[in-house]
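All remarks here apply to the structure that follows.
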Amino acid sequence: MSGSALLAVDNLVAGYEPGVPILRGAHLRVDAGEIVVILGPNGAGKSTLVKAVAGLVPIAAGSITLAGRDIAGVPAHEIVHRGLAFVPQTENVFTAMTIAENLQLSGHVLTKAARTRQIEAMYVLFPDLARQRQLAAGRLSGGQRQMLAIARALMIEPKLLMLDEPSAGLSPKLVGTVFAKLTDIRGSGVTILLVEQNARAALAVADRAYVLAEGQNRHEGPAAALGSDPLVARLYLGGMAAARGAP
Amino acid sequence: MILDLVSYGMFFLVTALSYAIICLGLNIQWGQTGLFNVGVAGFVAVGAYTSALLTTPETPGRFGGFELPIAAGWIGAMVAAGLCSAVVGAITLRLRADYLAITTFGIAVAIQLVALNAQGLTGGPFGIGFIPRPFGSLADRPVAFGLARLALIGALTLAVFWALERLARGPWGRVLRAIREDEAAASSLGKNATLYRLQAFMLGGAVMGLAGAVQAHLIGFIAPDNYVPALTFQVWAMLIVGGSGNNRGAVLGAIVVWGLWSLSGLAVSAFFPPGQQARAAALQIVAIGVMLAVILLLRPRGLLGEDKTVSRHVEGAEIGP
Amino acid sequence: MTLQFLADGLVMGAMTGLGAIGVTLTYSILRFANFTHGDLISWGAYLTLTLSLLIGAALPSAGAPIGPFSFGWPILAAGLAAMLLTGLLALALDFLLFARLRRRGTAIIMVIASFGASLALRSLLEFLYTPAPTYFSRELQIAIPLGAGIRVTPDQLCTLALTAALVAAMHLLLTRSHIGRAMRAVSENPALARVVGINVAAVIRTTWLIGGALACAAGVMLGLTVQIRPYMGFDLLLPLFAAAILGGIGSVPGAVAGGLIVGLAESAGVQFIGANYRAAIAFLLLLLVLLLKPTGLFGVRP
């Protein structure tokens, strides 16, 4: 089954310090064209999972394959070149560089022509950024920074885009904008894997969802089914109210 | 011949112990409090010159010459070095670790500059001579002389060691440890972290000053050339080899590194012709430098050190490969 | 009091600024105060001297000075080669010592190690070349009067011009090239740099190469305008740190500005307190900056 998946994670044991694993045998599968979301309580290891896939967390055991090739243990920058883009939750843009420079930096693997073309494409996708392309990223608002972070990630035309809590710190309206953008991005052929605390918003756009707790899988299935399952909501998503996105 | 060896052995040990006292002082600052003092030579110099100025006979054109007893000189050295550390600490202790390193380095350079140029105060490049040596009346009986000095310095080292151990295991030391481990928690209990760090810095400086005075009275002569970065480096090497954070490590490291230094000095005089000795001495320093690098790579906690030689408090940013 | 100190201060400041660029780059990208940088300056000068002597011995006729300067083609060629060698020396230090400490230690351990390595490096120079001062050439330079009581030698003018050229090149590199942007990225956030596909290890290697090469250039100029001795670079260390911190860690224009300010302050200061206390001036400047504005003039991060 994992043979056709774009991303396949099996039995992953990983953590920042050796001997103290945060992930204890996690697994997931993302097929091309899907939007998959990882949910779960705080400390479940959701962030650690995507960071491990991105090559930022040491892996003790298990396997990770991207488009059929093993990427466990491959250096993070190498994984980027294989078509995986990651948007961290915080500190996800270079604040001392302008919007244009942030995009140019990401696009360095492309030819100059391709880079220019991609940058223009990003400005079309994110008109807000186009208006202030010479502005230092540190002067942007939270929402604009998030957009820049996503645009930055899309520069390399990734096969898989991973995001760690893209809605964190954003107003409900901005959350809606971000998730609408994600749907657009999926529409252009990019597969998306995201970690989210805001289960309602995420389940509204996702195809499938995984629920993680204490470093292990607890539940998985189609997003719609998960969203309306009261047991799942109570156990892992802080109750139905929280699952609906209420504070 | 045997007498010569014994004499040399006692001289070796006495010198090693004087370095051990400097290390004990550095251990308070670095091992217990995490203060990165790269200006050790400066504080040692302050102690040495203070004691020399207090105890030597009058010299025309130069300040000092009070001809006070040796004990008064040593106490004066501690006070002067302690005061100097207080001033330095008050200005610089709130800087982050690597800026503190650069600043203390600069202070040692400044102190050495003063020692070299303020001839009216310090004798300038000629230094200060005729510093009274303890048990000087025994100087014509080498064994008795050596034994008496060894007894004195040994007792002094032991006293300093014991006092510092008591301090470290007592309430003051516990507060220092608490500040090292979790400053926020310590502050919330009403413990003024800055004040404790300043106290540690002062105490360490005073001990270094005492050692400087001891060394000055052992040799009988001091010059600005003694107080150069190489001295700072030797002391750091001793503390790291022995195991920083650890008073026993400080003493052991001093003896081991001084031993290696003396051995390499012997090797230099054995293998190089007399005309090339000064040049070859530079090779000694290279060897010690390489040795320190190897220790840092292979066994950073030294011979007797704890697992965590550096408190989490002073960690700089990590950047990976 | 003439205005000669302005010229002297500018020349010295230019060389200090050049060395400070290397310090500020390694400090911001590698995040530790590298005490060996001064000794890279000394090694650069001695490597150039040795190579130029070799070239001079192999091609005796090529050694004639170029125009009004005191140096000929052998020194120029030797200098370029030595820039590469010094860069490689810096890289070797990283490979043998700093990289390994970086993987498991903290920044402070690296400073201790660099302090020790610095001592070993200059002692090695003392052993190989003896502590006696030496010179690139015995050519006497006629100082050119510029008016207002200022006289400069052609070598000094060349130093200013070359420094300006190197600084301009560095600025272009950092702002217009990918490697420059990558260096700025790693300097701000190494983890994020990895996430955008930058090979941080390669950027670190490049930083050492550039830092070493610039140190060598500063050393050659210092050797040409003053003299060559094992402590020449180490004696510059406090001014280098002062310049880099004054300018703001990570800023190349800042390092240059800092260098010029330190150079001018030193040469102005010695008019009042004498040449003996020259080293104290840089230290006082450093202290002032750290106490009043630790981020420096153009710094982005303390």
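Letters are used for the chains, namely A, B and C, taken in the order the chains are written, and counting of residues starts over at 1 for each.
The working rule: a residue touches a chain if its C-beta (ideal position, glycine included) is under 8 Å from a C-beta of that chain, and two chains touch if they have at least 3 such contacts.
This is a predicted model, so every value here is computed, not measured.
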Touch-based graph of the chains, sorted into line, ring, star, complete or other: line
Dominant interface by contact count, named by its two chains: B-C
Chain nearest the global centroid, as defined over all protein CA atoms shown: C
Geometric centre distance via CA averages, chain C-chain A, whole Å: 44
Rounded Å distance between chain A and chain B, as computed from the means of their C-alpha atoms: 55
Distance between chain centroids, defined by C-alpha means - chain B, chain C (Å): 31
Sequence positions of chain A contacting 2 or more other chains: none
Residues of chain C touching at least two other chains: 191, 200
Chain B - residues contacting chain C, complex: 36, 38, 91-92, 95-99, 101-103, 105-107, 109-110, 113, 116-117, 229-230, 232-233, 236-237, 240, 279-280, 282-286, 288-290, 292-293, 296-297, 300, 310, 314-321
Residues on chain A engaged by chain C in the complex (per definition of touch): 54-56, 75-77, 80-81, 86, 88, 91-97, 101, 104-106, 108-109, 152, 156
Chain A contact footprint on chain C (complex, rising order): 178, 181-182, 184-185, 188-189, 191-192, 194-200, 300
Touching residues (chain side chain C, partner chain B) in the complex: 30-33, 35, 96-97, 99-103, 105-109, 111-113, 115-117, 119-121, 123-124, 126-127, 130, 186, 190-191, 200-201, 204, 237-238, 241, 245, 274, 276-277, 279-280, 282-283, 286-287, 290-291, 294, 302
